[in-house]
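Sharing a structure here in structure tokens format.
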């Protein structure tokens, strides 16, 4: 069977993986904000991804411009993050549980947004979608515009996030995630900050969902399932592979985000390789878990077995 | 306008009320600080020293009483709302700073205590110059490492930074909660020296909790001794200066009617 | 050393981005009449054209498997050695369907078989040129967002539908259980095909003056709950061609059999697991029909955009002997017993 493998066909599938990776990369940015900056495992994303997608699709089908729909998806995601934030801060429900509760409720809400249906199709034949698998393999200018736009979008997003987390409020978010009691001692309203961060994070996820639904040609109530794992995988892969490189002071945060996007792309490239190898795809989940576990353990193993004979300084 | 910088009126706090772990932490504490007072607070374990500081800071709500800082009744305010009035340094060097952020970012966050945080840039060039200058006065070489992540610094260095953060905005009240207890003797002495300097330079009102009776006598203009949630001894000025450790021990026995069998306090001397 | 690594990193990122744009530009010739770059191995001795067909199946379960088999059998009969199938299972994940179809398109396969709705949507998004045939899909207009449905899609898509004549299923229910008071309709709310069938079935029940109740499961975790609730309140249960419930028929059977509530199933696979009877279309048959359609498109150059969606050629009344016996249901003679393999 291996004889029949054709490298060309793997390379041909790359653009699709890169596109999917970049779109999910936006979602990974959202996961990065809550997981790394706020030290919070936010499972809302499985639901808010769909909320964004559903909102965008329904609006586009109602005649709204896809760009406006994108913004609306961001807002919808923010609303989801807001709910989790309130459950956690105002009602004292532990973070992870609060996010799970929101995710559960979102299933019904998303179903309703989709017009009491589980799936709403949106065809690139009917609307000028922002993203579509069609553009990925097209031969004309569609493809260039799409990839250029996507790349530009990611870069702009990174720039905006870099700026935002360098502002006073952005710093307050980072401080809250790093050391909550210190933040409070410095007059930061940590409850407000947590809700804000969750809103920003899920807004990003919603936006990613909007692009993803358009890419696939449908918003489906289950399309966010497992999103948190992919997001975490992207963050961790990015950190492990490029963490050392990002340690340069200047623009470190921006490089870190870029590595997260790269992590997402890598994840999808790996999946494409799995398909290309004609590996039974039911093993993909095991494979992904193994990859993530591997990447997670590299820093630990390095520390344990890497540097030999380094004297501890007294 | 009150003449006192800090007024703690008849404050009570009980932890785990009604359970087997019930502890009366503060049992009618009354303290009045004048502006410029530098009070050292001593007492055995569980006397209520750190608890008093936490009550002032608003880490939790007190059961009864009032806390008034510079004329403002802060009793009902939450921790972050009281922060503008206070500067705090904690026993654990990790607690006072954000380890993953740089020195200048930490200072910048402290500089905005009490101010609205918006979308302005987090650390401006002008600020950085100011921080460099202030850190230079500490003589620890930190002014050249403004962009270093605080997590990479030693305990003493982190406490120094926390100290600067606490005093940067010239708060009404500086709370030092056993802030040298986790440091080695040499570093502890240095940090104490810095604390004196900071308090003197900024003319701050300060409360310092310590287990070290020698330090308690040597620093500050006033000394308070607590036992079982109450103030049992309060001495100022000349009388304080002329105290010896043995005096304090005797004072304690008198006031509490029991042997002062606290190993830590003995060993700290 | 660090500078080197930084340069390498930047280079890597740039090359990935650049590759994404350039990758196809070179090998991208004209249309997809593609033996092109994707034929692998196998020289055909006679020099006949060898067709490569990508099959994207949503999930493994009997009905979908049968459809694929029918499809492959038809084409093997018609094309012999000159056809190669690339089969991929999407593990019931929409993302995977997207990746799979994208790989097919990048590979310039000659035709894509989309087995179930998500693969169809993914394939439709991925290409407007490569012919796509769908199967095991109930409503093409809904799945493809096509207004003014004429029976053919008007684009590069056609296929077969598994829409069973629901009115006849309802008649069968009444035939077997004329005294029914309330019918419970069970399905997974995440499957648009099921919702569609439930709605239609309910309409027919209402027309006959029979009361009904709907029970929906959000996912497989809720199946037991809804089944237990349904057997309390209903005397007959109907399950449409629902992919989620189809994978859990044993659990459903345990509950319904114990409560002595019979189940009318929308397709044979479900009936085998927990149903009394079914008016089934054969998924093998529609798969086979799809295979013949593929031959028309590939070899005879039929215009796929005008090919009408085909429906199941025959319907058969079938019953599950074991379950009927347990429940004491008598089956009329014109029913065929389902053969249960050991």
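Letters are used for the chains, namely A, B and C, taken in the order the chains are written, and counting of residues starts over at 1 for each.
Operating definition for what follows: a contact is a pair of C-beta atoms (placed from the backbone, for glycine too) under 8 Å apart; a residue touches a chain by one contact, two chains touch by 3 or more.
As the structure is a prediction and not an experimental result, all values here were calculated from the model.
With contact taken as defined at the outset, subunit B and subunit C are each touched by A.
Among the remaining chains, the Cα-based centre furthest from that of subunit B is the centre of C.
A count of contacting C-beta pairs for A-C and for A-B identifies A-C as the more extensively joined pair.
In terms of Cα centroid distance from the overall Cα mean, chain A ranks first.
Averaged C-alpha coordinates put the centre of subunit B at 70 Å from the centre of subunit C. Rounded to whole angstrom, the centroid-to-centroid distance between subunit A and subunit C, based on C-alpha atoms, equals 30 Å. For the pair subunit A and subunit B, the distance between mean C-alpha positions equals 43 Å. Within the complex formed with subunit B, the residues of subunit A that make contact are 164, 166-172, 174-175, 178-179, 181-190, 249.
Subunit B meets subunit A in the complex at residues 57, 79-81, 83-84, 86, 88, 94-101, 105-106, 108-110, 112-115, 117-123, 147, 165.
Residues 3-6, 8-9, 11-20, 61, 107, 111, 117-126, 132-134, 136-137, 139, 143-144, 147-148, 151, 215-218, 220-223, 225-226, 242, 244-245, 248, 258, 262, 265, 268, 271-272, 275-276, 278, 280-282, 284-285 of subunit A are the ones that touch subunit C when the two sit in their complex.
Every residue of subunit C that touches subunit A in the complex is listed here, in rising order: 2, 5-6, 9, 13, 16-17, 19-21, 23-24, 27-28, 37-38, 40-42, 86, 88-91, 93-103, 105-108, 117-118, 121-122, 124-128, 142-146, 155, 189-192, 195, 218-219.
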